[in-house]
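Okay, structure first, notes after.
Per-chain numbering from 1; labels A, B, C and D assigned in written order.
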Amino acid sequence: MLEKLKQEVLEANLELPKKGLVVYTWGNVSGIDRDKNLVVIKPSGVKYEDLTIDKLVVIDLDGNVVEGDYKPSSDTATHLELYKAFGEIGGVAHTHSEWATSYAQAGVNIPPLGTTHADYFYGDIPCTRAMRAEEIQKEYEKQTGKVIIETFDGHNPMEVPAVLVKEHGPFTWGTDAHNAVYNSVVLEEVAKMAVKTFTIKNDIFAHKMSQDLLDKHYLRKHGVNAYYGQ
Amino acid sequence: MLEKLKQEVLEANLELPKKGLVVYTWGNVSGIDRDKNLVVIKPSGVKYEDLTIDKLVVIDLDGNVVEGDYKPSSDTATHLELYKAFGEIGGVAHTHSEWATSYAQAGVNIPPLGTTHADYFYGDIPCTRAMRAEEIQKEYEKQTGKVIIETFDGHNPMEVPAVLVKEHGPFTWGTDAHNAVYNSVVLEEVAKMAVKTFTIKNDIFAHKMSQDLLDKHYLRKHGVNAYYGQ
Amino acid sequence: MLEKLKQEVLEANLELPKKGLVVYTWGNVSGIDRDKNLVVIKPSGVKYEDLTIDKLVVIDLDGNVVEGDYKPSSDTATHLELYKAFGEIGGVAHTHSEWATSYAQAGVNIPPLGTTHADYFYGDIPCTRAMRAEEIQKEYEKQTGKVIIETFDGHNPMEVPAVLVKEHGPFTWGTDAHNAVYNSVVLEEVAKMAVKTFTIKNDIFAHKMSQDLLDKHYLRKHGVNAYYGQ
Amino acid sequence: MLEKLKQEVLEANLELPKKGLVVYTWGNVSGIDRDKNLVVIKPSGVKYEDLTIDKLVVIDLDGNVVEGDYKPSSDTATHLELYKAFGEIGGVAHTHSEWATSYAQAGVNIPPLGTTHADYFYGDIPCTRAMRAEEIQKEYEKQTGKVIIETFDGHNPMEVPAVLVKEHGPFTWGTDAHNAVYNSVVLEEVAKMAVKTFTIKNDIFAHKMSQDLLDKHYLRKHGVNAYYGQ
């Protein structure tokens, strides 16, 4: 079942090591079939070099395994919360990529500093609040999803398709699994350039980009008046 | 038409990912035929792995497509302004390379700190002023070109073949498309070493290089008394 | 003799350059057969590209060569001290990997800043005290082992399978030679992200991770209630 | 003539891009035949991918071309000064490698911070004083050599086989051309780790390594009591 989606999720997962975003098994990507409400996700702890299509796991939105011989990713409950809350997303990716994770560890938002950011993220890439002891101790991965959703309260997750989970690392999403990974790559670049920017000139007020330029670049690539690409 | 120029522009574009200067489609290179006043440029949003000679776009200096099935790069108008104002240049390159872009985001010039810089850039690599709201909102890419030209007022663009567009990223140029990309590579190295230099010793006054050494190295490689190379 | 262990130690040694953890000959890995109390270790100063199974050296816990034509690693005595003091370890790795070594040179512990750390190291990765003149001058490599053991006094070396030897570099260990190298890779990632985290926000108090989250992630992967992986 | 030396100098030159120490043509290596007092050196401005044995240039110690169709490296006069002043060296290498060059641009010595440094360099890796206007304007490359020699006044160049030329970059030397390049690689690693060490803890007094440990590691690898390697 879901062969096309599985192929997509497999390729998207394999894209992570290829792009240098994961070490060992530190990442996972899923995709959703919105008609059937089924999610395809990487199995837990399986090496990328051993990952094949038949090892992927199909689950429903309650986390029940519908098909597959493997246990799904330990982060599955986080993915499911995001799919349930963010109705437009088709894929979710999680990595411990070095620059975005360092931002998550520092516990601060990534502000928009230039057009590379503005082309994909329409404002700050937020960092969640720290999770509370009770959230960590009970249904931790599900609560991780809930804290992400809380962070986006009043914001459009399609306009900023990434979040930093404090003291943990990034989650990104997108129209499908490939797009979720694409956004992981962009997030990593943006995080890296933000660190370097502040290393050059450590003054947040001096070079937060202008709102006009943020609008221009985001809307040059997104929405009805977009004119980038073919 | 312009088969030789197209081949050159194709190769120069493909050099960008090979040198690690671009992620996804974040860059574009063009070259000009000064006799015909025609420019060959990368199509917008096409992946480098899919880029072939027949996808390149030929335009005139007013931006009219003369040949090609694709839309030219969204940055085309910037390239054209540079060709019109800087009569000696034969190629233009634009990237979001990480170090130069970080400098552009920080909004400061790259000062000459050593002979690597002096061998190619005869003084500061300037950062433009921020663009004004009206420049951003109307003919943005053309205005980007105009702000670059304003930045070089009174300076020779062949002596410093690179600029940092504030909150955006670098543009470089050169005698042809290859040389423009060459200068992008050099700029990235120079920007990277400048950041590291200030990390080691954060005192601009202590190690800005001597004018004598800047003269020596620039003129060792350029002009009538150059003696570097065969 | 010990063919299986030798194969494992060979592969584990070759993993070091593959993972980018060593330059030239700057690293060594060993494994122990606990039944026979014999250790297999890399020969001293042999290039990784020249390393073959027959060049490995078999020694007893007193450092006597039992088999092999080569001199064992100059760090052998350090490995042996660790095997004698830490009864559960099956392999030891030593590198001069750039980030962990820089931490060792700075002479400070790596604090747990996020879940990447917590997944593998249950608390600070400690840096030893400086070695004393007499320790350096007499039986230096053996004393290096003793200083590591002193550093773990009252701590479980299996819960934090890594140490930074001050002004020198990291040693890691694990259930076997492969696992020791795995922990070297993780240590390097964790060290790298710690440096970047402090570069983003240089405030140790602001983002040392919560003990609850440290517990959760470490115990999600280790011990009787672990649920990560298949 | 000098076929063996040429082969060695060719290989040593090609090692530079392989080790990531040079961009484009920014480096050169030479080797000397002490019996004949002839030096083999890279031609000026020739790309590494185009470098073949017949393009190497043979010169005498006065810089006269004895064999070869190409102009020797523009840095030739610096190499010759070093060969004349440092009687034990058999090879010289020059690069603009990013970390060592950044140190040269910052204009400060690299202090010994750990055993990686101590294994190869018996003390600070010195940075020269700035060159004077008259030294820059007349016989610049020869004067560069003289300033290096001045920097080593009272020091043994074989114990610290590297120097940082202020506002320029590193020169290294060794027993032969290969060893000179080896020392360039080590210097780059040591410079990189020094920057990272100070990023972690910016206090030169806190972690300059002990003289005892510096002695131990240097003498473990060099001199009559060395015991590292086979």
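Simple rule for what comes next: a contact is a pair of C-beta atoms (placed from the backbone, for glycine too) under 8 Å apart; a residue touches a chain by one contact, two chains touch by 3 or more.
All values derive from a computational prediction rather than experimental measurement.
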Same or different residue numbers at the chain C/chain D copy interface, by half rule: different
Mean-CA-position distance for chain D and chain A (Å): 46
Chain centre separation (chain B, chain D; CA means) in Å: 33
Residue list for chain D, restricted to those that touch at least two other chains: 198-199
Category of the chain touch graph - line, ring, star, complete, other: ring
Pairwise chain contacts, counting only pairs that touch as defined: A-B, A-C, B-D, C-D
Footprint of chain A on chain C - complex, ascending: 113-116, 182, 185-186, 189, 192-194, 196-201, 206-207, 209-210, 212-213, 215-216, 220, 227-230
Interfacial residue positions of chain C with respect to chain D in the complex: 23-24, 26, 43-46, 70-71, 74, 96, 98-99, 101-108, 130-131, 133, 136-137, 140, 167-169, 195, 198-199
